Amino acid sequence: MKNLVFYVFLSILLMNVSLFAQDISFTAKDNPNDDGGAIILEWDVPLTYNEMVITRSTDNENFIEIAVVTPLLKTYIDDENIEDGQGYFYRLSLVDADGEKQSFETNALSSAEWFNTDKISLLIMAVLLGTAITYYIFSARKGKRLYIRKISGLDTIEEAVGRATEMGKPLLFVPGIMDLDDMQTIAGLNILGHLAQKVAQYDSTIHVPVCRSMVLSTAKEIVKESYLRAGRPDAFRPDSVFYLTDDQFGYVAGVDGIILREKPAATFYLGAFYAESLILAETGFESGAIQIAGTAMPTQIPFFVAACDYTLIGEELFAASAYLSNEPNQLGSLKGQDVGKAIIIITLLVGVILEMCGVHFLKDFLATH
Amino acid sequence: MAILMDRIGIWIGAFLTFAIFSFLYKDNPFYKIAEQIFIGISAGYWFIYTIYNILMPNLFIPVTTDFTHNFILLIPAFLGILMLCRLIPTIDWVSRYALAVVVGTTAGLFFKRYLQSDVLNQLTATMLNPFASSNAAQIIGELILIIGTITGIVYFFFSKKHEGAFGTTARVGIYFLMISFGAAFGYTVMARISLLIGRLNFLLGDWLGIIKP
Amino acid sequence: MRRQIPMIITFFVGALIIVSEFIPHRPFGNLSTSLEGWFLIISGFAIILGQLSLFKVNIIKIHRKAPNWPYFIIALVSFSIMVICGILWGTQQQPGLLHTSDKMLNFFGMKPFDYIFKYMFENLSATMFSLLAFFMASASYRAFRARSPESTLLLIAAVLVMLGRTTIGSTLTGWIPESLGFLHLPNIASFIMKYPNTAGQRAIMICAGLGVIGSSLRIILGIERSYLGGK
Amino acid sequence: MKIFEKFLHIDRRIIFLLILLGVAIPLIWTLGFNLEVTENVQSVYDLLQNLEPGTRILISFDYDPSTKPEIQPMAISLMQQAFTLRLRIIATALWPMGVQMCNEAYETVSAEYPDVKYGIDFINLGYKSGGMVTINHMAKDFRSTFPADAGGNPIDEFPIMKGIKNFDKIGCMISLSAGDPGLKQWVMIVHDTFGKPVAGGTTAVQAPTMLPYVNEQQQLVGLLGGLKGAAEYELLINKPGFATKGMDAQSVAHLIIILFILIGNIGYFATRKQKPKLEAK
């Protein structure tokens, strides 16, 4: 009997507490992971309440209004003239459904943080990738040989040059429409170097129309060097690399004209392309040339894939350039990125398996929000 | 008068539209003229808006009205002027100082933002439990999503030859890439047709008045 | 001096921006914020540089009587007219140097700058890209062949999306009963977009993202210097 | 076999003409195919619908007249919906011509909403260069990125800007984007760094590359892709406009293109055995 009374009493007490706790909460704390100057206020108020006003004070006496809010909002970040280290008192005044006024108080300090704890996963990933890339770049520079698979599209280069020689027709190389500050243009020009050397060896001819003056001088230099490397500097014709115009469609019209007139045995589109990609690919296809394309422009790849015999997709363009130029920086970076890809594939597999087993730790750790 | 000028404007617009469309037949002087007007106006617009919307409110007005609080802005202004030195070939190298700030900032921000949004978040977005759903299409779809993403990355893995099981995986990857290129192709067709619809709406509606604009 | 100092600047700026992500505390947080504010101003100058160099290049072409040089005069003239109108009478919201009289507003119905923009530029710009609708159609017909398993897959996906993403898709298969809803063209297109397309795009996104990370790192560490011009 | 040969050599001018007619005729005489709303469009609609009246939303106009037919209808619909819900719009532009696009959309829409006041319910802050870096700067110091509106008036003068120091007091962000800089950059900063919901309207060219962001982490809440997305949105807010009108033309043009792809491929397969093409792979 005594026990029963005790339990009844206890349960009434607990009920009361839980009722009270369910009612209204109002808390303030330093806005986390910032450089100070902000306090975050949070409340849990039933929707029946209204006229919610938040006031603030530094001395707990003179409160000034800072915001009018609603139960739905749930949070408010106060960043008006907040000084770090100064204590602030907040008061939430509201009116319940019966028109009765109530108020709740809380206080907090603002501070600046030395480490953003939301970013641990980002930091780990950044360190891993950064180390992998720099490690491989420096080991490549020291002369370590790094293996990169041969991009299969590159085999077609030799075949195309051979075919052009047989047919007595020229080759056409288009380095895209962007300037030298685009990595794709540089990658394209690296491949041009390799191609021009083959052209020189086979004693074929190549046309390189460009639309940027900087690209013109660089491309000329590259082709000349390739002829030199092939031991045929005398065969180099400076006018094989020429400037058409800077305008996108004007350039396309010019290149189209060349394709129709010269009927090249093979066309190469390697670099950064925009809307002109499909016009070029169409004209080339009609003329019956072998077409080899490569670009990292995601919106233009489909046209090249559909109309060309071989397309270097996205990163493959850079890989091909690294493979051919054998440049340690490019090779090392590519290798480092491959390590990144391996890390991602493994993490992803582990993550999926964990998710299937109902363990969400890894996913929660990696997702910051 | 404004109504007349509006009509004249629409006629000018229609003329320029046909001048550009004439390129479909072949490159010709009308097209070339229209193209150069396009380039000129575009450059003029950028020039004016850069001055009115950026250089005036963010630099000139703060510095001239409240120098003591904003004198620090003279640093970017100085760097900006160095940038303009590119126009003079003999001293164009000084623009590299400004370029260094621009490139450094961009590189720093790209490094962390691409890592977060395009690598980490994509990774976690693919960590799914396909069997959590009861909808058959969603189960199949999510399995496809996981397999497609992994095999797609394998295709772009350059440190290993594409042969054996690895080669098969890469092969599957390329098929997924092709489907997404097909989708992109379909969407691009859609986009270009929409632009033509906009043009014909102008010609048939605003200009000829055949359809209600 | 000409190359070393810019490289050092790039390193410090890039490193500061990265570090401020993890350390919001002063001085990192506020320094990176000011730096980003400066970037806006410098990039403003960079745009001005772009327009001025276009002006310069065109003058050089005209001076050297490059092929088609008379056309470049047109570009210069339209550029100058736009700039003069913008400076003298301002734009829709901006007052210019001169007072825009009601007479002028009544005449054009708007300011001259906006008039040129609305009637000339908008039409030119919209038409330029609508040309692609025609090229798209003829290229689709003449160049897109199902030559290999890859391009076949590409074409099938393209056709399904083109059908499913228009009203005709829902009309064509609207009669299909609810139980076979997955055969409804818009649903097929949605499925392609949501799963295989997202998978492919995501793979590209992750690999391209790693590429950006690699090149950013090379730039910050001073290994990649092509942006400084020359090798 | 002759006929298949012919299949391969249709004059491109015929194709041009057919496309022209295929778009023009349905614009004049509408066919009235039915339209269905897709998930991604619905999510954008719901996002705005669930905001409290008075909430400020950021809309960025990152496009120019070249893609106006695709994106302007979205801008108009979004503004209509926002003003109906009494949401307040802060407009910015990462493309200089976006400022004018915004003005044009506002002029169209504000005529229907006479009680919408500039500076209280709407403000156009104008163009800022710098792309992602500038967005990042706004997120930390909005007022120094935008000291004035597009007309050069200090933002302190406008009630709508009260208390906006960063993205904290902004309900959601919508980028109407035709390329770079645009939606991608907004997603990276506004959602992935500062945790605010981001939605977008893009050209159809951009849409497939943006879809990986529409995931359970909601890097992107939803996406309007191209004219179809715009038409679906017009249907949702029940105000049919340009996009809805264009849907028939879009459908017919797609059919014509698909037909030509088929003809080309039939011709190709029928005649392929006759002249073997060098296999490059």
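We just call them A, B, C and D in the order they show up, numbering each chain from 1.
Note that contacts are C-beta pairs under 8 Å (C-beta built on N, C-alpha and C of every residue); 3 or more make two chains touch, one makes a residue touch a chain.
Only a predicted model underlies this, so the values are computations on that prediction, with no experimental measurement involved.
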In terms of CA centroids, furthest away from chain D sits chain A
With chain centres taken as the means of their Cα atoms, state the distance from chain B to chain C in Å.
2
For chain B and chain D, what's the span in angstrom between their mean Cα positions?
13
Going by the touch rule set out above, which residues of chain D reach two or more other chains?
16, 19-20, 23, 66-69, 126, 128-129, 133, 136, 144-145, 150, 152, 192, 205, 208-209, 212, 215, 217, 225-226, 228, 250, 253-254, 257, 281
Contacts with 2+ other chains: residues of chain A:
122, 126, 129, 152, 249, 298-299, 302-303, 305-306, 314-315, 334, 340-341, 344, 367-368
Which residues of chain C are in contact with two or more other chains?
18, 21, 29, 36-37, 39-40, 43-44, 46-47, 68, 94, 117-118, 121-122, 125-126, 128-129, 131-134, 136, 138, 140, 142, 144-145, 150-151, 154-155, 158-159, 162, 165-166, 193-194, 197-198, 201-202, 204-208, 210, 213, 215, 217, 227
May I ask you to sort the chain touch graph into line, ring, star, complete or other?
complete
Chain B residues within the chain C interface of the complex
1-3, 5-6, 9-10, 12-14, 16-17, 20-21, 23-24, 32-52, 54-55, 58-59, 72-73, 75-77, 79-81, 83-84, 86-87, 93, 96-112, 114-115, 117-119, 122-123, 125-126, 137, 140-142, 144-149, 151-153, 155-156, 173-190, 192-193, 195-196, 198-199, 202
Which part of chain D faces chain A closely enough to touch in the complex?
52, 163, 165-166, 168-169, 191-192, 195, 205-206, 209, 217, 277-278, 280-281
Can you check the complex and tell me which residues of chain A touch chain D?
67, 70, 72-73, 77, 79-80, 152, 156, 159-160, 163, 288, 290, 292, 298-299, 309-310, 367-369
Could you list, by residue number, the parts of chain D that touch chain B in their complex?
16, 19-20, 23-24, 27-28, 66-70, 96-97, 99, 126-129, 132-133, 136, 144-148, 150, 152, 187-189, 192-193, 203-205, 207-209, 212-213, 215-217, 219, 225-228, 242, 245-246, 249-250, 253-254, 257
Residue numbers of chain B touching chain A in their complex, please.
23, 27, 32, 35, 39, 111-112, 115-116, 119-121, 123-124, 126-129, 131, 146, 149-150, 153-154, 156-162, 177-178, 181-182, 184-185, 188
